[in-house]
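Order of writing sets the chain letters: A, B, C, D, E, F, G and H. Residues in each chain are counted from 1.
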Amino acid sequence: MTSLDQSELVRLLLAFQQGQLDLQQTLQQLTAPATAHTPDAAVDLDRRQRCGYPEVVYSPGKTPAAIVEIFRALQAHQQDCLATRVSPEQATILLAAYPQAQHNSVARTVRMEAGLPTETRGKVVIVTAGTSDRPIAEEALETVRWMHCDVELIVDVGVAGPHRLPAQLPRLKSADAIIVVAGMEGALPSIVGGYVSCPVIGVPTSQGYGASFGGVSALLGMLNSCASNVTVVNIDSGFKAGYVAGLIARRAASAQ
Amino acid sequence: MTSLDQSELVRLLLAFQQGQLDLQQTLQQLTAPATAHTPDAAVDLDRRQRCGYPEVVYSPGKTPAAIVEIFRALQAHQQDCLATRVSPEQATILLAAYPQAQHNSVARTVRMEAGLPTETRGKVVIVTAGTSDRPIAEEALETVRWMHCDVELIVDVGVAGPHRLPAQLPRLKSADAIIVVAGMEGALPSIVGGYVSCPVIGVPTSQGYGASFGGVSALLGMLNSCASNVTVVNIDSGFKAGYVAGLIARRAASAQ
Amino acid sequence: MTSLDQSELVRLLLAFQQGQLDLQQTLQQLTAPATAHTPDAAVDLDRRQRCGYPEVVYSPGKTPAAIVEIFRALQAHQQDCLATRVSPEQATILLAAYPQAQHNSVARTVRMEAGLPTETRGKVVIVTAGTSDRPIAEEALETVRWMHCDVELIVDVGVAGPHRLPAQLPRLKSADAIIVVAGMEGALPSIVGGYVSCPVIGVPTSQGYGASFGGVSALLGMLNSCASNVTVVNIDSGFKAGYVAGLIARRAASAQ
Amino acid sequence: MTSLDQSELVRLLLAFQQGQLDLQQTLQQLTAPATAHTPDAAVDLDRRQRCGYPEVVYSPGKTPAAIVEIFRALQAHQQDCLATRVSPEQATILLAAYPQAQHNSVARTVRMEAGLPTETRGKVVIVTAGTSDRPIAEEALETVRWMHCDVELIVDVGVAGPHRLPAQLPRLKSADAIIVVAGMEGALPSIVGGYVSCPVIGVPTSQGYGASFGGVSALLGMLNSCASNVTVVNIDSGFKAGYVAGLIARRAASAQ
Amino acid sequence: MTSLDQSELVRLLLAFQQGQLDLQQTLQQLTAPATAHTPDAAVDLDRRQRCGYPEVVYSPGKTPAAIVEIFRALQAHQQDCLATRVSPEQATILLAAYPQAQHNSVARTVRMEAGLPTETRGKVVIVTAGTSDRPIAEEALETVRWMHCDVELIVDVGVAGPHRLPAQLPRLKSADAIIVVAGMEGALPSIVGGYVSCPVIGVPTSQGYGASFGGVSALLGMLNSCASNVTVVNIDSGFKAGYVAGLIARRAASAQ
Amino acid sequence: MTSLDQSELVRLLLAFQQGQLDLQQTLQQLTAPATAHTPDAAVDLDRRQRCGYPEVVYSPGKTPAAIVEIFRALQAHQQDCLATRVSPEQATILLAAYPQAQHNSVARTVRMEAGLPTETRGKVVIVTAGTSDRPIAEEALETVRWMHCDVELIVDVGVAGPHRLPAQLPRLKSADAIIVVAGMEGALPSIVGGYVSCPVIGVPTSQGYGASFGGVSALLGMLNSCASNVTVVNIDSGFKAGYVAGLIARRAASAQ
Amino acid sequence: MTSLDQSELVRLLLAFQQGQLDLQQTLQQLTAPATAHTPDAAVDLDRRQRCGYPEVVYSPGKTPAAIVEIFRALQAHQQDCLATRVSPEQATILLAAYPQAQHNSVARTVRMEAGLPTETRGKVVIVTAGTSDRPIAEEALETVRWMHCDVELIVDVGVAGPHRLPAQLPRLKSADAIIVVAGMEGALPSIVGGYVSCPVIGVPTSQGYGASFGGVSALLGMLNSCASNVTVVNIDSGFKAGYVAGLIARRAASAQ
Amino acid sequence: MTSLDQSELVRLLLAFQQGQLDLQQTLQQLTAPATAHTPDAAVDLDRRQRCGYPEVVYSPGKTPAAIVEIFRALQAHQQDCLATRVSPEQATILLAAYPQAQHNSVARTVRMEAGLPTETRGKVVIVTAGTSDRPIAEEALETVRWMHCDVELIVDVGVAGPHRLPAQLPRLKSADAIIVVAGMEGALPSIVGGYVSCPVIGVPTSQGYGASFGGVSALLGMLNSCASNVTVVNIDSGFKAGYVAGLIARRAASAQ
């Protein structure tokens, strides 16, 4: 059904009563979803208004042509584009269609701005435990950039070297939200959380071997964190961590 | 070691050089942690400055007397007190010691304000899927109150009745952060997330039977949520959800 | 938002345009969910029209008074009542309030008919592997009765006695839908499925010991059934099995 | 032993007593299973009479020649053929042997009709959450076609866009049975189930990453669905969902 | 259907043809299962002929009266009785009804012989790792006795004391089948298996703590045993281990 | 230490006391294990005497040359050779070294007889549910042959066709031990077990998809079998099932 | 068989050859294990010589009388006694029999020294994250005392307060082995490990809720620790951690 | 912050007070971590002083150039280098840069000594159950060598041949620490532990099939070991086992 709110409904009904809209038009507005139908997908154009940011393309299982079409639909409505988990083949075709798009091959993302003037506000800091967590951290980084927030990346401050993290405290304390990307035992978000007053989003990664179980150990470690300010997203979900951190940062930034 | 930052260190060292502090005093400030030692615990008095809010008492396994002592240490430093998972016996003794404290028996919390003038700012909305999720929602509610944010509770809007949630959209859209408490398949955070632009914190509950596996199914459902703005806390962790939602809300509220 | 379908919307809008309904009334119909608010719950009164049968009360975690209130709300709208997983204490209070209600203590259900003339149609057969599966089978049985379908119960035909099941083939072949309740290895639905042409709904039970893991083994056995006509519901979910079997049977029965 | 029912046994015994059958012939009918032995398999020719539809070929692990032989045995008895999970190599050889067969490469099926006049009856609607669930949905679709029921496919109506599903309500309400194919958190069957009065069959898919655990999260989500009309089949089992939906639809359709 | 074999069918059909049996009688023999129907159960009287030993009563979930009835039905057909997992209350009532029955309270069994002259043949040796495995070992012991085989019990020879097991080799080597009952890491069957030439049946027990997971660790240890002669039964299933060991021993014993 | 039994020790000590053996020789016999050291392995030559059959070569992770050496060591002591899980490359080299060896490429085994006159005794029947279980069944078959027992293979009698198994009853009843190889829900051992009086060994296979979890579902199904005569071996362990079945059959056969 | 080593065998054989021992005595020494048989257990008296410390009594499942007997057997051979997981009832009876024994009710241990003069050597430090880990830490503490090593306990230094641990560095650096007892995410061993040069033994505890899964999360966290010097024992196994730490400390202490 | 201990702080402050260090220099020493920043990593140069041995390179996910750089940073500070899990490509480039380094292709390690004179002290024995555990054992071996301890490797003494292990007792008893590498049921550490008085470190390997679950069964077996002297490291973690064994051995060796 429609996603119109109370005030929009009042306006619509009065327009209908006063003859500005006929029955057919009113029905359409009451029932038509704000969706662009490409040959392969139903693009949620209303997402930006409803949720603050446009729909993002999760690329696995989609043909390159399908992603090109979704970008076209979003672009036609002046919405910023972001595709995640883009394969090299998908990226090549996407960049051929949109030379202005930006491809981050480590992050496996393609990002394309709508070109509307947007002020960058709020700050997110991303922390990684080891070098192998880099791709997930980069995915978060690209997502935060797409949301027009400031972002900094601090790498290789795992808990085995206890003096490395305190050296970064000033940068950590400057953040509105912190993302911690870690595999193995996933202890780093707890440590970071004990030093700061902003929310910390833990991203367990599938790095490790043996009883790391593809990230399950890190996930459980973060869920059981004794630091009160830590929430968790899915294993390897750099995108979702970036998205939520961006939401927090923009809200906080409106205050300064 | 010390948790002093760069500027505090400069001040300390100059005072030492100029003879305002002798070697012993300087060493003490460099090495002494801000900890109150009760007979049974080491209370982290520095937590409020470092993390924004005081240490919270997780009650299981503690004697009532130990909790009374921790409250006394916090109170002595003008810090708000919160104890979670308080048993009826613990609550009785705690209230005898502090008649001004507030006991929420559904939430299993005891809360006691330091009495400092504090402005309530920011708004959190808590949503539950069913009546059995109520205790966890109340724990979140008490935590948010302890953080001096506004909070509203919306109950019984599970997904089986698809018209119940949209009726609450205006309240949902007024929030700086939303907590969704749900058991069984844990689908409600995804649905709520699709309607709003603020972060949504999912709290899986251990309610359910059979393949709900004590909340694991709800936890997995929330971790795999297709809504981009959903993060997750531990099963039944109303406290942590309330804490993070409060952090987000206060930051956002500073802006208005 | 509203759950009105296309034709209902047309009727509503014309009534408004023609002045039979004023703006306020029209808004109310467009936005008001068909919900009865008791002190403790939001009862989905629209469920019967939308889904064919009224909302059912899952009793754990509810006070007896809350269940009495929900029954009153349903009764006020001429809807049949069913409460599942009713504790002895809940049952006592419920029967005191509604002496005409029927309590099945093995099934842990309380059922109360609205008294509208309803034709019993369609037939469900319920099969159990062992005596310990009886409570779940009875819950399914009460659910099917509440849906006004015929129902038969065949007990103790587990696979260890291979001649017991074939003796029941004529009764099995008379069903529109068959429910098989089984614990341990959960093999019985596969066997039954190989003999009949109607859908078979497997209900794994938590009976067993050791590696039965509270019904997980039976659940996995049924999910992997090599019989093509077997679907599965949650462990111990006699209610859901009964509900779906009833839906199938009533549809099929409309044909005869 | 034999699968003859009571009336068939009476007829057989009288024929024997009256000398129409000798001892040898009677024994054979009492003991001989209705099985066609190909070099590699024992084809259950009695399946159609017993269960309503012929045996279906699950292709993995079979040589192409073995599948060709099974098709030949079924064809020789005027039975419709369906092979699932057909590899490209198997498909090529199968189509060379039976040019009239229909290959759906997305669904990985080969289907061949016996050519008997059959009326298409009953209607199944298949719903998918995302584009990557397409192959499983197509397998269900081919299965329903092989069962001679009407079938419609609705794609890309995941829960993150809450307005997309209601727009499809008229099509959903026209179904005798609905199949919902979904990965990730598997919430879509619950949502669909809340709108309709026919059975909903959930098919969890192995799509997703991280804590989706190859479809386990979606499976658990569907098993714990709070919608009463949802049953579940194995992960990725488009075939079984199609088969059961077809059984329900044909029964229901006999009524109209 | 019937469980008659080929020769029994020939005999039956000839009797019918020659008028010794009429149609009704023949039908009954062809279709009537050899089942005794007590008020609560369908007792499989044919089990002894088909499987070598009578049906055994698994007591949980049965009323004491129901067990008394099943014993009566078996006794009426001269079959030895065995009830497992008997609660103290069930045992009291059972022994009141059958004073000649033998109750082993550690094993939680009640055993009652039919009184037919039976020769004890074959030998089973039962080995336990620790004292807490005793109840399961006793259940196996009672089962072997009920099968009329010799049985010996060797306790407390866990692997931490490597000299204890070799001291028992002569007794181990005298067995036709060995049962090893062990919790914790479940290593004992592997060790025993390396010394002997008869089959070894491992029974994992739910004893232990922490990562023993209620017997899962011991179960996995035994399934992965590097000794070739080890098979496994369910956790805590002393009965099944005793039953299979008894079957092996009797077969072997017929040879001497 | 030594594996000499009591009588062997007596003989050894007397020989030493009487000067037939000097101290050095006696020590050697008391301490020297019966092991052949090849460059890569320690071959247990004492296994045949201790356990009834020689050591078997598990091939993964071994170089072809290492397997050739182990065969040579066994052959040098007149012991029958069996290698399991042999890769095609390993098989080629092994057959080049021992042209008389027999390679079963489906079973992935290489078998070589020592050439000592051995009477074939006892009978094992192997049953499979589907065609994809064939390799595991063949591994069991080769193992039983290596043990000099009779063996029969019955394929494709899964439970979905309930009339296929009873047709095989005479063959099943002729066995001293039965091996049932099955994937998916693993129900077949329970069904077979209900018909026969000999031990049944269930072999779960990793065949299947979705919630079959690489054989875990079949394994759990067999462990929880309601048939009393079913024990279980590791997933895909055709070798171990064959080995134990052979042990049972030879013992039983000594009796006839 | 015997656990005599090479030199002991030489001595024994020469004594036999020279007539100091007769055949019977020599056989006994070669075959008799050093075991004391109490009515309920086989006490491994040889353990102290073989492993350095006597056998320890794991109390669950043992009668108080059985434990008294085992203590008597050990005492008779001048061996120190330790019983773990002692219930209050077991402790009462044990202390009545041995008033000189020491009961630690938090640790659930009873300890009794043999009274031989023993020098305390080596040092173990035990660290706990929270107050609820205390019982496990005390069990480790009692075990270390029983092994005659020095031991210190540091409580409540969990990672949420990052300044608490560094304050304890001097005590940590004085240890030969460190035991870290922690529940929840189990991160503390990693942090401690990063500061010290001795082995760290992690003991996961079953404390926590939700996704702590009875200690599994802490166990996985410790197994995946990024600190190289961390090994792990079973969940809640304070005894084993104490035992291994004591072994390390005594070896190290012999050097100073 | 700094990792200076109490005495280092005293020295630093006095130097500052006496003007030997100015404010800037003192601050730097108080705050600067001992870290070498290569383009891709932050190398913990302080590790050797803090933990006794330098940082080790875990190679997966690192470019060969990055490893070369880390080696260069360590070498520049006279620290011994060790890289684990080195791919063939990484090894080739590493050896080209450092021809003096030693590559063990079975262990997948590259080791390079700093050339400082170091005495080899302490002894570690490594035991493997089967040939497929060799790579993990070699990784442990290389780690122990890098730590300058003596090391011996005993292969192929799995529990199925019970006489093979006792033959190795003299070598086992010579060790300061024993590493047992085993897959399948992981029983070997328990057996070894029962014979010796030094700590035993179990390394579960991912070798095996079926229910070995990639090493989980072996891991659980070792965690539940009934031998008191067994601790466990992560699956396949030869490095960590070697590291801890080396720490124990060096401490013990200082005593002789």
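To be clear about the criterion, contacts are C-beta pairs under 8 Å (C-beta built on N, C-alpha and C of every residue); 3 or more make two chains touch, one makes a residue touch a chain.
No experiment lies behind these values; they were computed from the predicted model shown.
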Any chain that touches chain G and chain A: B, H
Touching both chain B and chain E (chains): C, D, G, H
Rotation angle (°) superposing Cα atoms of chain A on chain H, nearest 5: 90
Geometric centre distance via CA averages, chain H-chain B, whole Å: 41
Distance between chain centroids, defined by C-alpha means - chain A, chain E (Å): 60
Multi-chain contact sites of chain A, meaning residues that touch two or more partners: 1-3, 6, 31, 130, 160-162, 193-195, 210-212, 216, 219, 223-224, 228, 234-235
Every chain pair meeting the contact rule: A-B, A-C, A-D, A-G, A-H, B-C, B-D, B-G, B-H, C-D, C-E, C-F, D-E, D-F, E-F, E-G, E-H, F-G, F-H, G-H
Footprint of chain A on chain G - complex, ascending: 129-130, 158-162, 184-187, 190-191, 193-195, 208, 210-213, 216-218, 220-228
Chain E residues within the chain F interface of the complex: 3, 5-6, 50-53, 56, 169-170, 173, 176, 193-199, 201, 219, 223-224, 228-235, 239-241, 243-244, 247-248, 251-256
Of chain H, residues touching chain F in the complex: 130-132, 134, 155-157, 160-164, 166-167, 207, 209-212
Chain B residues touching chain H - in the complex, by the definition given at the top: 1-2, 6, 9-10, 13-14, 16-17, 23, 26-27, 30-31
Chain C partner contacts - residues on chain E that touch it in the complex: 1-3, 31-35, 40-42, 44, 46-47, 55, 58, 60-62, 66, 204, 206, 215-216, 219, 234-237
